[in-house]
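To start, I am sharing the structure in question, which I have written as structure tokens.
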Amino acid sequence: MKNDPIALDHLDGLVEAKAPAYAALSDLIWGMPELRFAEHRSVEAQIAQLEAEGFRVTRNVAGIPTAFVAEAGEGGPVIGFLGEFDALAGLSQEAGVAEKRPLEAGGNGHGCGHNLLGAGAMLAAVSARDALREAGMPGRVRYYGCPGEEGGSGKTFMAREGAFDDLDAAVTWHPGAFNAVMSVRNLANYQVYFRFKGKAAHAAGSPHLGRSALDAVELMNVGVNYLREHMPQEARVHYAITNSGGVSPNVVQAEAEVLYLVRAPRVAEARALLERVKDCAKGAAIMTGTSWSFEIDKACSELLQNRTLETALHGNFQALGAPAYDEADRRFAGEIRASLSAEDIASEVASFGADPALAEAGLHDGVLPFDGTPLVQAGSTDVGDVSQIVPTVQAWGACWAVGTPFHTWQAVAQGRSAHAHKGMAQAAKVMAATALDGFRDPELLARAKAELAQRRGGAAYACPIPPEVAAPPLRKRG
Amino acid sequence: MKNDPIALDHLDGLVEAKAPAYAALSDLIWGMPELRFAEHRSVEAQIAQLEAEGFRVTRNVAGIPTAFVAEAGEGGPVIGFLGEFDALAGLSQEAGVAEKRPLEAGGNGHGCGHNLLGAGAMLAAVSARDALREAGMPGRVRYYGCPGEEGGSGKTFMAREGAFDDLDAAVTWHPGAFNAVMSVRNLANYQVYFRFKGKAAHAAGSPHLGRSALDAVELMNVGVNYLREHMPQEARVHYAITNSGGVSPNVVQAEAEVLYLVRAPRVAEARALLERVKDCAKGAAIMTGTSWSFEIDKACSELLQNRTLETALHGNFQALGAPAYDEADRRFAGEIRASLSAEDIASEVASFGADPALAEAGLHDGVLPFDGTPLVQAGSTDVGDVSQIVPTVQAWGACWAVGTPFHTWQAVAQGRSAHAHKGMAQAAKVMAATALDGFRDPELLARAKAELAQRRGGAAYACPIPPEVAAPPLRKRG
Amino acid sequence: MKNDPIALDHLDGLVEAKAPAYAALSDLIWGMPELRFAEHRSVEAQIAQLEAEGFRVTRNVAGIPTAFVAEAGEGGPVIGFLGEFDALAGLSQEAGVAEKRPLEAGGNGHGCGHNLLGAGAMLAAVSARDALREAGMPGRVRYYGCPGEEGGSGKTFMAREGAFDDLDAAVTWHPGAFNAVMSVRNLANYQVYFRFKGKAAHAAGSPHLGRSALDAVELMNVGVNYLREHMPQEARVHYAITNSGGVSPNVVQAEAEVLYLVRAPRVAEARALLERVKDCAKGAAIMTGTSWSFEIDKACSELLQNRTLETALHGNFQALGAPAYDEADRRFAGEIRASLSAEDIASEVASFGADPALAEAGLHDGVLPFDGTPLVQAGSTDVGDVSQIVPTVQAWGACWAVGTPFHTWQAVAQGRSAHAHKGMAQAAKVMAATALDGFRDPELLARAKAELAQRRGGAAYACPIPPEVAAPPLRKRG
Amino acid sequence: MKNDPIALDHLDGLVEAKAPAYAALSDLIWGMPELRFAEHRSVEAQIAQLEAEGFRVTRNVAGIPTAFVAEAGEGGPVIGFLGEFDALAGLSQEAGVAEKRPLEAGGNGHGCGHNLLGAGAMLAAVSARDALREAGMPGRVRYYGCPGEEGGSGKTFMAREGAFDDLDAAVTWHPGAFNAVMSVRNLANYQVYFRFKGKAAHAAGSPHLGRSALDAVELMNVGVNYLREHMPQEARVHYAITNSGGVSPNVVQAEAEVLYLVRAPRVAEARALLERVKDCAKGAAIMTGTSWSFEIDKACSELLQNRTLETALHGNFQALGAPAYDEADRRFAGEIRASLSAEDIASEVASFGADPALAEAGLHDGVLPFDGTPLVQAGSTDVGDVSQIVPTVQAWGACWAVGTPFHTWQAVAQGRSAHAHKGMAQAAKVMAATALDGFRDPELLARAKAELAQRRGGAAYACPIPPEVAAPPLRKRG
């Protein structure tokens, strides 16, 4: 059935035909790395491309200037592809070299591969639309332009405003070192600022008149460290002192701030734990005669696995296989790996749940096995909130040398490489194929939804970010 | 004017005549050491003697079974002599030997010389009454039987019930190693129990279900240690953990208790500091999800110096001089000193504000100089509350070898010695003489009262122990 | 094959014939509850019975006065039954009543059912020997009299001295509320005293001269609470302050002690974690100018599951089934359950990994399913060390009403009940049958040993308690 | 003796003649506020003026680019005038207005009046030289250009290199709100950086692999807060967290830094206390598995009072009296005072030890009394080190409205005012007169030196900053 528009080999051709354009788009975004919620140029580049492809674009989703949705097709189910495109601070790096070489001191860089992530998801969306159109099948394809994934929980703010409510399924991926279903059990989280206000005084002359906000931060932290014994072992609480109240020891610190990240397997548990952390702040304020306040910065729900869709995606990945790397790809990957320690590589391999023997591979030539068991990870992602609303499936696409850690110059250096482009295209095929399975098979979507409903126990989605917390770009700072 | 009944040499004779009887009473009390508020036999012995001397006795003062007042004389001013008679735990010791030799393992002992203190104050009271009677002068003499000085604040409970309100002056003394006016600026204090209740749980199996009262005690203590930076430097806060919640690490501690002693130069400052310490308890309870309560155990006001009376007492001490020690006294004192290090002796000498050269003396043959400047000491005494109500003066009487530390077996061992008896009699003379100065010279008492009023700035006495706190022997324990 | 001496129904008869005698022995030990390492009378009673049964007794095993081994039979494999018989403080309770009613205020009680444990293991040993003898089969049966399980790690001290080295298998059980294989993954542990010595000083007068040992304990604890963030999540560290340095806040505490229990999944991890806890002690001593020392009190290795023997035991349990309770048993169980909350019962049921629906059962009439997966528990037991040396299998025997918590008066009250006696006899049958499987089937023992070797990765047993640490009854205390 | 060149009224004329030039120099420096050790333009302006006056200038004293000495005269004693000229960050302010109005956002400003301090000391030096020259008396006058007083201890670095060793006396002043001898007992100090290095790790994914340098800082601080109980009450320890290890809670902080200021009445005590603080750092590093290092940033010795010179200076101040303020001066002072609360004013007045009634004064029209008793202050100054080497005397000169706090915009706003210029000239007269007393009266200098020798107990000056610590501008930063 060579002409079945949805046959994998046909789809492969559709994706490959457009892959160079999206590789170019990815490279463009790589070259103008923008931090969370400031991805204005990256968004414009994507929207231009999507409009050229005939997608209908809605800007300012959830009121966020860099959040948008692009849709194509008519009728039928609605399947969304989630794209990200924000960069990281301090990771400026020249492409294509295997040594640390910033383009701009202190500049930004795409250390998490979101240039590929967004462009790849777009390529999947466009290709799925192309296939649907050729097949004359109903169905709508959406691309979600999701800003601020890095410490911003952009999708959670979008979810709170209902942006994903009418989807039948969501599909996304992440660049990495392996080809695999990304089936993960992770942690919900809350990120919260705690601020204390005390009273300044000369620290030698009249310390008894001072009320130290830094003391309050320290005592809050001591209290939380005691709390660790009495919280569920899978939970995590960590913090950074974001304002220590000044660098002069001579003055009792009148204000100070600490940023907490509170995580637990389920969002309700994270919220309960946050209340206990707040009690530590309150207790510290009372102890020190200071006042305190808190500000929720962001939050994520835990990922809900969808084994139904994951099984479908895994089947497509097995059928499509790994990208076809060439000698040059392997040579550059080898050079990158030479910059990493064996421990780093082994640790990265383990974090994917991959066979330790794969640490020897330069680039991943296969597809990792999948038996329906999710990998347990202590991190968090705002894809979690999408997965609470709509059946969601994710892929890992091998874009980097095996062992490349996230958020490193090595990841940035490979961000425009030929092997990254190949990994992106392959992931786009797998995603598009899985979406097409859904368009073609209403039963699949129904089963995926039933699984979601069963996992949620019938409860409706409740966004972990309270309604009064504005998305970061909309916040007024005092 | 040899026959002037109030001439010092005549008074000297009066005191010496009765001194053997009171030395015997002191020895009797030494031999039946009773702890705070349990001084029943010591009280009976004193009352029997006072009734034999014709004093009118009121028992159960302030409702406390071992508090009493004995009065003699009619009309005129009322001057009170304050006596103490409680012993200390763990200080059982044979008399008259210069090595540690308990009479009873773990038994009590008069390590603070209160056997001498009470008997000496009685001897002063009786002798002053005798002199007044001979002179046919009006005036009432009182002996206050004050229990529970050691960690009990007996006088403060008595003061709260008005026991000292109608006095014109109060006189007392303390055995020590020197002859001197005891003019001291010390600290007011509050002693308070803090109790926490949490929830037990298996510390390994379900620590997340436990709420640790021991954590609360520790966090309260951490909070208070941070508070130290921000309190007046003369203040003191210290604590003991009186219930750590059990010795098994396997159980989350469901209850715990810590006993705080909070001191500051003035009682109002101590009270304000106590509020901040309470905030640390409250904050710790909130941090740990436990509940807390507190119980005031006792409190003392700071001593108010009365330079008027101190100057009078110093004059009498100079006129009367030191006791006349003999060779045997000096030999025993020398043996006691041989059991002490040079550092101990020097430290003790310094604590009296005495010339360091006096560390060489075996027994103090002179009277320490006094220029009206009080010695600053960081401790507390319940004489403080009397001094807030009525002009109060204190003497040190040399009863021990120079360098003898308080609360040691060495102090107990000297408690029935000839030199202690001599020191007690000499102190009784000085106290009686000072009281007689008052009876004879209304101007002196008026000036003393004016000084007190000036120091208090016109404020009435407010007892630091709240009305609802029962004296220890009257307390119900849950 | 009715006369097969090892047929289960024949074995059943052997056990039932002697069960009354061992129920009586259990009751005798229940009536003279002795604490860890002081089980002298309980040991004598057991030895008398074993000698009457013709066992050869070795006393003073590992030099511990209440540790002994009794052996019978000749040649063949050696299979050991592990018995315990120590009681708990503060759990004195009348038998057969469903309300808290101590026999002796503050007295001991068999709150963990070790009276049943020892007698039941003896009954199994004797019955297995009887069956072997009837069958004329070679094989040696041992009963291990293991003292001090409660906080004493008696078996670990015995293991260190080689007491289990020549065994082919070890079998034991524990009274509980269910009939089941006890297949558990637990934690290795170390219990360690930390002691600090500082310098006393008057806390108000000269605190700058004091060095507080209590400060050191508190700072060590703060350090350990910070350490929690950075240790594996399955590890556990908990502590009790066993000497707070005195109850007087007026003295800088010159000595203090804290008892730590450090646990981790594997003994090597526990040891590594203990080193970090010791660093906290060292750091605290340096911070406070105090000196520190530590004393290992006891330690246990983690349990090594032996699925081979567990499968055999489970088969026997399924074949033999639950004890046959009667109406009176069920009535008493019902009364006991009426003294417990639904939450307590549910929590106990969950701790056995049993179906929550079983919370409704008064007594357990079935056998819990077993699929080879161990239950994960955060506790520890000294059976762990035996399981590291020799293939070891454990059963739960239903002796208590469903929901009865361990270490409660309810457990003591049921310790002499008819249903406890029945549960003990049934467990004895299951244990004896499993041992007989081993005697009959050398392959089974070989597979069990191979499994052990595989789990140990070829490493020889290394006792977690260093050679210089004497067993508690042999220790000199300073 | 109208023509006595050293008569006060003649000296008054000499100073007044040159006062306008030095007021202009002060204004020039006010207008180019430079931070510690970066006072290059201010130094050039001063040197130009001093060279114009015929002084011999030595630059780069102690190797510090902005430290210099200017000398004039020949033979006789050598008396030095100490000048300062560094500004403060963040205190930019328009002159002559009574409201906060920065000239440059975040810019520097002369909030401590060092523009006046340096110019005034120069004016005194030049005038003393003029008087000596007129009188034909031998004697050398020096002006010390001392950089980096604000948190830099410039003089201590100069002292370490011997810059003050051959002086016979040192004289200086400070602008303030009162005319007075500045006789102070303050605290020696050490300012020390503590740095910790740990190991980064993902705070949720692998916290057990991380070693937190921030934990180490916090635990060090907890340890120091416990230490407070056990240090002399006059000592002070305070700190600022100068590197919290980053603002991301998601990463275990691999490095962190805290800056400590350790003070005590005597430099030896400060050094001993610093050792105990270092122990807290060491203990925290051990507890957390991090490494630590420290770097002494600066140190000051305590001021040694020189009552001999103070008495001489006080006599001159009484003879010369306060500056003659006019209506405009008082009006502006009144406007400044209107911007301050009564509490602020009262607190400032108290900090000078002045009569509280003077809080009502707009400008100080008298000279504060002096009875030889120093004011106790808990701060520190690098004049302390000069005072340890050579008899040193300081004056307060009334340049600001009564109640003006140091380091405020109000101080900057008055820095070029007419009343500040008058206060500066008056202080210059007092300083010059006192120096001339010394030149004229060798006995005075001898007595001053004898007093210093007696206070030092015969010990030679030992600089508190170790030889290996480079002055800040000479330091290499890693």
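Observations on the structure shown:
In order of appearance the chains are A, B, C and D, and numbering begins at 1 in each one.
Convention: a contact is a pair of C-beta atoms (placed from the backbone, for glycine too) under 8 Å apart; a residue touches a chain by one contact, two chains touch by 3 or more.
Keep in mind it's a predicted model, so treat the numbers as computed, not measured.
Shared contact partners of subunit A and subunit D are B, C. In this assembly, B is the chain whose CA centroid lies farthest from the centroid of subunit A. Distance between subunit B and subunit D, defined via averaged C-alpha coordinates, is recorded as 48 Å. Note on chain placement: the centre of subunit A and the centre of subunit B lie 71 Å apart, centres being C-alpha means.
A separation of 55 Å divides the Cα centre of subunit B from that of subunit C. Among the residues of subunit A, those touching two or more other chains are numbered 207, 218, 222, 226, 229, 233, 238, 252. The touching residues of subunit D, when paired with subunit C in their complex, are 207-208, 210-212, 215, 218-219, 222-223, 226-227, 229-233, 252, 276, 279-280, 282-289. Of all residues in subunit D, those touching subunit B in their complex are 222, 225-226, 228-229, 233-234, 237-238.
Listing the residues of subunit A that touch subunit D in their complex gives 151, 187, 191, 202-207, 214, 218, 221-222, 236, 238-242, 244-250, 252-253, 259-261, 263, 351, 377-380.
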